[in-house]
Amino acid sequence: MFERIPFSSFGEFLNMGGYAFNVWTVYLLFVIFLLVNLLGPRRRRKQLMKELERRAVLAERQQPDSSD
Amino acid sequence: MQETQLLANGFSAFAATLKRDLLVAFKRRNDLLNPLMFFFIVVSLFPIGITPEREALAEIAVGVLWVCALLASLLSLDNLYRSDFEDGSLELLILSPHSLYFMVLAKILSHWLVSGVPLVLLSPILGYMLALPEEAYPTMIITLILGTPVLSLLGSIGVALTVSLGSRGLILAMIILPMSVPVLIAGTLAVGQAVTGNPVGGHLAIMGAMLAMAVSMAPLASAAALRISIN
Amino acid sequence: MSHDSTSPAMLSARQLTCERDDRLLFEDLAFDLEEGQVLQVKGSNGSGKTTLLRILCGLNDSYSGAIDWYGRPIAQQRESYYASLLYLGHRVGVNMVLSPLENLRWACNLQAPTSDEQIYQALEKLSLRGFEQSPCHNLSAGQKQRVSLARLLISPARLWVLDEPFTTLDVYGVAALEDLLADHVLSGGSVVVTTHHALSVKTGIQVLNLDRQ
Amino acid sequence: MWQWFHRWGSPKWFYDLSGRWLPWLTGALILFLVVGVVWALLFVPQDYQQSYTTRILVVHVAVASTSLAFFPIMAVAGTITLVWKMKMADMVAKTVAPLGAWFSALTLASGSIWGSVMWGTWWEWSDSRLTSMLFQFFLLISVISLRSALNDSETAAKACAVLSIVGCVNVVIIKYSVEWWNTLHQPASALSMNSGSANGPAFWVPTLVMVIAMYLLMAVHVMMATRNEILRRESRSQWVQDLVLAAK
Amino acid sequence: MQETQLLANGFSAFAATLKRDLLVAFKRRNDLLNPLMFFFIVVSLFPIGITPEREALAEIAVGVLWVCALLASLLSLDNLYRSDFEDGSLELLILSPHSLYFMVLAKILSHWLVSGVPLVLLSPILGYMLALPEEAYPTMIITLILGTPVLSLLGSIGVALTVSLGSRGLILAMIILPMSVPVLIAGTLAVGQAVTGNPVGGHLAIMGAMLAMAVSMAPLASAAALRISIN
Amino acid sequence: MSHDSTSPAMLSARQLTCERDDRLLFEDLAFDLEEGQVLQVKGSNGSGKTTLLRILCGLNDSYSGAIDWYGRPIAQQRESYYASLLYLGHRVGVNMVLSPLENLRWACNLQAPTSDEQIYQALEKLSLRGFEQSPCHNLSAGQKQRVSLARLLISPARLWVLDEPFTTLDVYGVAALEDLLADHVLSGGSVVVTTHHALSVKTGIQVLNLDRQ
């Protein structure tokens, strides 16, 4: 099942038998796709937490006036 | 006794809705004429934009006719529930004690009578203008008769979903056009078969099945969508 | 159903709570509307009157709580509930292309078969004589409102839900509508109404105030 | 059974549970991704006809087969939203749709990049899978834009649920009708996706690894995005406020 | 002194109108995406309806692209004044002390930025999918850049005339489509010339002239039409 | 110009006649509106109040007669007339997608450059605080009306033409609007207003009744 690595040099690996453009574009798109879909939610979570904190602080500041 | 009474009232509500929608269309006049004229104008854009040669036209005729029928139906659908939503009539419809399924069906039927039927009647002329081969006419007409109600029915779901949106037109198109692709394919295929002299029975049966499914399901989905939109 | 059920009220609500856009509009609202009663919903702008009326009609389901029609939840008896319900909202429900006659012919037939005679009489009473056949597009704001009020005269519905029915009406119109309400209530019907106008109906008016104290 | 169902319907429960699962799932995702990508790039044998472009195929097949799962998921979630009014189902449906659009777009892109090698053209209408995938993409976009167009979130939830169910049926019908259309217009054999020698364990094992990685990706993304959605929608509930204050 | 003041205010009114319309489009999101998706979907209906073969497609590519651009522009135009009319904003616009010409121009400009420009940007991809010959691309793009604003400008007249009508869509199409035929012809001719390797300068000049004329006349006509519609 | 012209009135009308759909709405109407005056147009539903107001604004030209702004016909000086005119019609002129802030930013800049500060203050005064940034789609009927009323607080216009501005306002809203009218009139502005509501502004109110006697 594991065949020999068919590349003898790194350059050959990059060249992908003359299909470098195609292969590497696909992998580039794949990586972009991974980054967007994995880091996107994380970034949004950070923004959201910041926003919620801001609101919580605001609410805390207002609470003493309105609770009595 | 009470059951039959309600049923009778239901029929009279169905009839009243159908009559009203036809009346609105008739009063506006444009509603009757416009799908036709639109169909006519868009179809005639193709000889202008593509090629005026008859052989070339003949090849694209079926496709162009069907795509234009689809677009005409799309454009005329926009108003299926829109004005009712805006003036509040839709609330009356939903609050009527009768099954919304039939009320919606009445509206769709009226839409088809107003926009689908004239299109079917006009199609031979446009087929001639696009140099459609003679032997394809009967099939084209039958497929349009079977297909245009499906377009109205499917379209009704899309319209019901988008009726509360301010900006209409395009989002409606985005929902309805992909949904209508199967009808388009079945219709053009059947006519294509007729042109090459093959039997078309199978294709017509499939279109009939689509129609049956659409009649039974689409008004339900539209009714649900209307209730959601009005919320 | 936790309320006393010797004879259930026509329309009753329990623990109605509605939140929109993260704002609590009302909470734990409860009322019983008996036959022959008027419920006036009061509140400042944006307090949730329209929302409450639409909830009562089943046009809006973003609430929690129970709404019963003669002791049974309305969701379980939509048809019979709707057969005795008449709703007039902010939007008048009048098609601009059709004439008052044609509009009412449809709107009334949706509930129960109606003859043209009845419609003519109703329009006459609301001083729309002469406008029966002209397209509603050409009517003034108050006249459109009158067309939709004509349904009150025709419909057999026993529960009326009216959202600011007095807007754009002139003084005669207001008086006529108040008479209508009084007649309806006298004959055992009941009304839920919102208005910023002082209601002068003779019968007992139950007031529901949505403003938070 | 019912209890289980109800617990899934509770945002707080889901939030806690997914918080515990996420690290493991993310770890598994990274493992499978690295193994899959390295294997694909280094070990997949070259094809006499396709040369090293079989390396594209690993990504393509994994992404493509996963992308077919989205409409069924949305339809199921939509049914739950409509029938049981469960908020969690809608949050999942909301986060799944854009991810599905990304998957479909990547399928289209990787497929057509490979097509440019195999067929000498980037796009070919006469292949049914291409066409039906394109329409799946369109339908996903229409679900997304319907949601963003409706500004009441509850209305949007229900409307999208209806559209997802109708769309799911439709994707199936489109797929069949497109296939049917092609078999009649011209034989698809010349362009069949199964051409080439892309079979044998040396190829399909890394592909399987990648498929699993893609499903893990879906799980991780949906969990993270759903957690965000929960925080946003429940921002006024006590537990979220506690959580926010604790995090500070 | 007072003159320059009014002029400055005029500019700020123009900018406010442009900004507002872009903001509305941006808030709706769909307004940005939909013309694009619509263009894409409608274009892809043709290969399905007509033929998937590349040679056959190549012949109709230009025509299909232009017809679809026309339809996309038509559908997105529907909302140019519609929602303003319905909510009363149009009255504010007409009652502003500044020249209605510029206000209308601002609205048309915003429409073009939102619907025309994305369409131009997408056209190469669709050209490829329809197997448009390579040498035609630059001309196609230039003609679209010159042609889509003309479509928006001409369309604006039609929309302004029909804005007070309840049923939209189709009557609009009937007014706009025939008006746009010259643009369609010039555009397809120019691209056709480019395909056969002939010089296209003349056609582009004609399109430029059309644009110049449309910019100077169409907002005037639209402004007049709006005043009439609001009456 | 047949009227006495020692110093021409702000807005004056002579021999205004309007016929719609073959119905004569009003005939030979004449009035002079001075600075600091209120003209209340009265009449039953369909008597032509809205039509008259739109005619005064130049939104409708199916009339005969003369309308002068400081002694010169309005058609000859559109720009300066519109620079000092503010019209609020039956339709509120509020875009549903935009927020009150964004709506007013546009509507006010159309007349004269306006800062956000002014808008915030105006919204605050009309108790729309907290709603500045939420889409108008989510506002109640009365709140939308308040958004459009905010223009009164910002605009430098000296002539206000208001068509039933009190509709859908609650009692506080009505009081606030009446204060606004009083302030405007005191500072030398003038108002043409229709309402079916009893106006309680302290200054001299000129009444124009459109009902045929």
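Which chain is which? They are A, B, C, D, E and F, in the order written, and residues in each are numbered from 1.
What we mean here is this: contacts are C-beta pairs under 8 Å (C-beta built on N, C-alpha and C of every residue); 3 or more make two chains touch, one makes a residue touch a chain.
These numbers were taken from a predicted model, which means no experiment stands behind them.
Trainee: Steps needed, at minimum, to get from subunit A to subunit F via touching chains?
Mentor: 2
Trainee: Chains in contact with subunit A and with subunit E: which ones?
Mentor: Of all the chains present, those in contact with both subunit A and subunit E are D.
Trainee: Same or different for subunit B and subunit E, where same means more than half of the interface numbers show up on both copies?
Mentor: same
Trainee: Looking at B-C and A-D, which one has the bigger number of contacting C-beta pairs?
Mentor: Result: the pair with more contacts is A-D.
Trainee: Based on the averaged CA atom positions, which chain is farthest from subunit C?
Mentor: Centre of mass proxy via C-alpha means gives A as farthest from subunit C.
Trainee: Where the centres are mean C-alpha positions, what is the separation of subunit C from subunit E, in Å?
Mentor: Centre separation, subunit C to subunit E: 46 Å.
Trainee: Indicate the whole-number Å distance between the mean C-alpha point of subunit B and the mean C-alpha point of subunit D.
Mentor: Their C-alpha centroids are separated by 32 Å.
Trainee: I'd like the Å distance between the centres of subunit D and subunit F, where a centre is the mean of that chain's Cα atoms.
Mentor: 56
Trainee: Which subunit A residues touch at least two other chains?
Mentor: In subunit A, nothing touches at least two other chains.
Trainee: Could you say which residues in subunit C touch two or more other chains, in rising order?
Mentor: Each of 62, 90, 96-97 in subunit C touches at least two other chains.
Trainee: Multi-chain contacts in subunit E: which residues touch at least two other chains?
Mentor: 28, 30, 34, 37, 41, 48, 51, 83, 86, 166, in rising order.
Trainee: Can you name the residues of subunit A that touch subunit D in the complex?
Mentor: Within the complex, subunit A contacts subunit D at residues 1-3, 5-7, 13, 16-19, 22-23, 25-27, 29-30, 33-34, 36-38, 41-42, 44-45, 48-49, 52-53, 55-56, 59.
Trainee: Sort out for me which residues of subunit D touch subunit F in the complex.
Mentor: Listed in rising order, the residues of subunit D that touch subunit F are 151-152.
Trainee: Show which residues of subunit D lie in contact with subunit E when the two form their complex.
Mentor: Residues 121-126, 131, 134, 138, 141-142, 145, 148-149, 178, 181-182, 185-186 of subunit D touch subunit E in their complex.
Trainee: In the complex formed with subunit B, which residues of subunit C make contact?
Mentor: Touch residues, subunit C against subunit B: 57-62, 78-80, 82-83, 85, 87, 89-98, 102, 105-107, 109-113, 135.
Trainee: Enumerate the contact residues on subunit D facing subunit B in the complex.
Mentor: Contacts found on subunit D: 82, 135, 138-139, 141-142, 145-146, 149-150, 152, 154-155, 158-159, 162-163, 165-167, 170, 173-174, 177-178, 180-181, 184.
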